[in-house]
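Okay, so chain A shows up in both of these, paired with chain B first and chain C after.
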Partner chain A sequence: MLNYMRSNRREVIAGFVLVTLLATYLGTHPRGASTYVMTIWANQCLILGLAACAQFFAVVVRGIDLSVGAVMALTNCIASYLLDGSALGIAFGMVAVVAAGAFCGLVNGLIIVFGRIQPIVVTLATASIFVGLALLLRPTPGGAVNYDLADAMTLDLLGIPTALILTTIAVVGFWLPFRRTGLGLGLYALGSSEQAAFQSGIDTRFIRLAAFTLAGLFGGLAGLFYSFVTTTGDAGIAAGFTLNSIAAVVLGGVLLRGGVGTLVGALAGAFILKTIASLMFFSGIPSLAQPLFEGLILAAAIAIGSADILRARNKLEVFG
Partner chain B sequence: MFDTKPPLLEMQGISMHFGPTKALDSVDFTCEPGEVHAVLGENGAGKSTLMKLIAGVLQPNHGVLRVDGKEVSLGSPKAALRLGLVCMFQELSLVPDLTVRENLLLGAPGAGLGWLNSEGLSKAQEVLNRIGGENIKMAARVADLTLPQRQQVEIAKAIMKKPRLLILDEATSALNASVVEKVFELVREERDAGTAVLFISHRFHEIEALADRVSIFRNGQRVATFMNGEHDYGEIIDLMVGQKIEELFPQKMPVLNDAEVVLEVLNFSWDTQVKDVSLSVRRGQIVGLGGLDGQGQAAFLMGLFGLLRKTDGMTSIAGTRIEIASPKAAKHQNVALAFIPEDRKTEGLILDQSIQENLELAALGRSDLDAGDAALYASSLEQLALKHGGFGLPVSSLSGGNQQKVVLSKWLALKPRCLLLADPTRGIDVKTKTQIYAILRQLADQGTAIVLLSTDYEELIQLCDETHVFFDGAVVASLSGDELTPQNIIAATLNMSAQVEADRA
Partner chain C sequence: MLRQISIDSLMPYFGVVVLIIVGSFFFPQILSADYLTQQLQIAAFLGLLATGATIVILLGHIDLSVPWILTGAAILSTALVGSGNPVLNVLAVPAALAFGACIGVVNGIGVAILRIPSMVWTLAVNSMLLGVAVLNTGGFNPKGESSTLMVTMASGDVLGLPISFLIWIAISIALALFLVRTPFGRYLRSIGFNEKATFLSGVSTPSVVFAAFAIAGMCSALGGVMLAGYANQAYQSMGDPFLLPTIAAVVIGGTSILGGRGGLFGTIGGALFITLLTSILSVMQIDDAWRNIIFGVIILAMLLFQTLRKGATV
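Right after this comes the complex of A and B.
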């Protein structure tokens, strides 16, 4: 157990921080730990959580995805057209929304791999394209999402917020098995040491392509869930989510240099960030000062995460 | 008459060049199944390039590779693995952030992108147990393992792939003698089961113990292949050394024994990589540092120049004891050290900046110099005959040799009292080498003290007045005058005298 905690110390720290923050939040909230409070909290967390998952797949292969928010905006706008009407139509719509996200990621991946261009540049450009498409679809916020479906996804099941159930499914049903596949290990190998991965006979181009496609797919899932929560389409949500998704993965112990971190950590980071924001809301800090405090907390968390560098005995390693 | 069975691997007319440097020059080479074939040669002889070609990491510029008589092209390590060509690389191919178990799974035969089965793991564990790695935990992160443990995991990973041709490139360099013996036992078993083994090592007694056939490489060519035991150590070293090229080097000048000591280092240690090194350099003296890669000599130079933290020992410049805490302190006029780093592309130059800007970098921050003054650089640039298309062009537009000239000029502008050089001629054409030798000689004659790290023993012999050979962080031999022979340097490099004693014990 102790060994497990040591080798996963980043996730353990993130989990500990999250539990402390959540306890403080529920303790100070005027309505206490009711299902209502928990549900609203969990919904907000899961939106950012899925965005952080998207960012995770780009970061773990030593990349970054600046189009996460844009993919969410685009898929959210698509969802506002497709998620209403017959049951069959809605089912098709949900698949189409997620597929659109995955397609955006595939485009990113293709340009990065075959154009040999840095992810930061590629996704900066495609982010504008995706937002542009979203604006063409929804020049002003609007559209509708089937209310029964939205309620089913965003309320609770036997007192447990649906968003938490979905989070558990993502971790147990997807992440834990995925981590044991060749693709799952390949992502880490690529991010940790591309040279070693290549020499071990791994198809590094395919893995990178798959990573960005997965990033797009989770961006699509985030957009879909955002649609359930807001029940409208809005093309203007991109910027905030992109930056917060990066902040979330860093908070969750995912190293921007690649190869280290887990999806669980990314989710925990997102939950922490949203919980801090909720705490601020009820803490009486003036709303204009909230970004300042959020920034300070984020900076402190990142500084702790990179304290390892103080141990370097060769000064050149600091620049590596 | 012809053989009914073609060789497992046949290479014909293989050439490989990186820019103007030829790493391999129309080499023919074959490997037979059930045979351990040792490959010997000095640094830069082309051994590693040859292995990388077989492993699919590099593709040859010319020539043909055949496996079982069929022509193949190995476009990637994956293609080579599919044919059963498995290489255990000198630079380890383990992913540092994954666990031992995960690394083994990644390399397992038939591992694709889907679900990984752990069938091969028991075989890998068995191999680990046999070669003294039973203490290596499957759940340990590779980054937390020691170098010998990583090599043991590499060996297990390679054997697990059931190779038809197994390349061991310095596979046992970090292992101690008893573990090496266990590894050899395993390799012999593989050989007897029909595997071809290519074995690269710098340790002669290992080659003698394991090899069936030996090939010797020199300057990118295969100069000899013979059965193990046909030639003794002396003959093999002569084959590796080849012809002397004394005319490349300028005449040595006698150093006065009473010349002022410029740099004196006493009991210098750092981490586990440098152990208790003492040396002194006089005005006009060129002192060489020899040894295989990574024996601590490079770290020693970095430490002198203030790049390492928590070093032990005493450093004096011109009789005054000083602490050099950073490169800025090292280049201060009271110290006046200069350091030409090993990797000019990342540590010596800013490739995208212009030649002029790169030249000025070292002089900037010295209050007594005007970095913009072209006269600072003019004489050394002229003597080195820098070929360039204008000082405003980025330094990346220059060839490797000319880039090194810029690095040298940038530091010579400070008129250093003591010049530290880390392998300044690595990967550089012969003409530039001669120019660099000439300017080093001239600087020495003008009174500069020079410390020259080199992997080329010719430089240590022809250029240096005294050479200290490093092994495992410590100086194992200090040679000067008539003792400076290739045989002595190579023997010291391999720590042969100590090895012989250890074998007797």
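Right after this comes the complex of A and C.
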């Protein structure tokens, strides 16, 4: 157990911070730890959580995805057309929405791999294109999502918020098995050292392509879940989510230089970020001062996360 | 200075010529002197931000705190002028520049001492600045006005050329000379290539990082002051629409986002190109959606052209 905690130090710290924050939140909330409070909290967290998962796949291969928010906006707008009507139509619509997200990621990956351009620049440009497409679909916010489905996805099951169940499914059903596959290991190999990965016979181009496609896929899932929560399509949501997803993965212990961190950490980081925001709401701090406190807490959390620097024995270790 | 002129950095200038020629087929008034000088005036705002961003990107870092340094400087300067006190009126511009430099140093502390990735630290600094601004102004548009000096800097002209454009070019030339002629410039690029090696050569790398971020902060602050002069007021999130075009202008100008390679000559072209592209797309009354799409496609096309050209020669 102790060994496990030591080797997953970053996730353990993030988890600890999250539990403390959540306890404070539920303690200060006027309605306490009711299902209602938990459900609203979990929904907000999972939207950013999925966006952070998307960012994680780009970051772990030493890239960055500035189009996460744009993919969410685009898939959200697609969802607002497809997720209403017959049951079969809706089922098809959900698949189509996620596929659209994955396709966006694939386009990013293809340009990065075959155009040999830095991910940060490529996704900056494609983000503009995706937002443009979203605006073509929904010049003004509107559309609808089937209410029964939205309720099923965003309320609770036997008192447990559905969003938390979905999070568990993502971790246990997807991440834990995935990490042991060749592709999962390849992501870390590529992120740690591209040259070593290449020389070990790993198809680095395929891995990078897959990583960005997965990033798009999770962006699509984030957009889909956002549609369930808001039940409308809005092309203007991109900017906030992209930057927050980067902050979330860093809070969750994922290193921007690649190869370090897990999906669980990214999720924890996103949950921390959202819990801070909800905590502010009930904290009694004057509402005008809340953005400042949010910024201060974010900066402090990031600074503490980099406390590893104090353990450097040699000045050269600092440069990594 | 001449060494900086590579084919990559000439690309945006070539793009500007193509834009003007193609645009003039649809709208002959694009060729008028009025329209072109107005573009130079507007390009100066983006250009100043991009100048600062180039310095930081050459270092191998990125500055995401541009939007709220810009807004903060604008709020600060207009508030000082709005106080009605003649002394504060004179101090408005220097105070805004000092503010930019201070935030730049804060950025530098996080990046050079705490070793936090610049992308995250400057983002956190940006949100703290946002918080301070909201707290200060109560979330409403800040009160205050621009001084005559600020208005002149943004909208005046000398011999038919906009003053804002002249300020931008003068600062670019001064910084370009600074980069080429002083040790600082060489250290800046060498840190961009390999920070460890630069440190081992005996360079005090943290002070170079501090200076670079401070210069970038001052450029953003000056952009904010001039933008406030242009709009005759400061307003919340006036800097947000500038962040991504700034990075795009630097990259199109042939500066590598990884650091070390590139220069200010290309950035001038990049800023001109992006301003002209945005302007022509809005003159043509293309709606927002298509404007975004065309903007993204053209940037991608230019970047692809740059890398594919290298692929053919190397």
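Operating definition for what follows: the second predicted complex is superposed on the first by the 307 of 320 C-alpha atoms of A that agree within 3 Å, B and C clash if a C-alpha of one lies under 4 Å from a C-alpha of the other, contacts with A are read in each partner's own complex, and residues count from 1 in each chain.
Here is the rule we go by: a contact is a pair of C-beta atoms (placed from the backbone, for glycine too) under 8 Å apart; a residue touches a chain by one contact, two chains touch by 3 or more.
Everything numeric in this text was worked out from a predicted model, so none of it was measured.
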After the superposition on A, what does A:124 contact: first (chain B), second (chain C), both or neither?
second
Counting residues of chain A touched by each of chain B and chain C, the higher count belongs to C
Now for A:185: first (chain B), second (chain C), both, or neither, which partner does it touch?
first
Applying the document's definition of touch, where does A:199 land relative to chain B and chain C: first, second, both, or neither?
first
Scan A:303 for contacts with chain B and chain C and give back first, second, both or neither.
second
Output check: A:12 vs chain B and chain C. Expected answer is one of first, second, both, neither. What do you get?
neither
Residue overlap on chain A between the chain B contact set and the chain C contact set?
315-316
Residues of chain B defined as touching chain A within the complex:
55, 57, 76-78, 80-81, 87, 89, 91-99, 102-103, 105-107, 111-116, 139, 141, 270-271, 299, 302, 307-310, 326, 347
Chain C residues touching chain A in their complex are 62, 64, 110, 114-117, 119-121, 123-125, 127-132, 134-135, 138-139, 195-196, 199-200, 240, 244, 247-248, 251, 256-258, 287-297, 299-300, 303-304, 307-308, 311
Please name which positions on chain A make contact with chain B in the complex.
3, 7, 177, 180-183, 185-186, 188-189, 191-193, 195-203, 206, 210, 259-260, 312-316
Using the touch definition from the top, list the residues of chain A that touch chain C in their complex.
64, 66, 111, 115-118, 120-122, 124-129, 131-136, 139, 239, 243, 246-247, 250, 256-257, 288-296, 298-299, 302-303, 306, 309, 315-316, 318-319
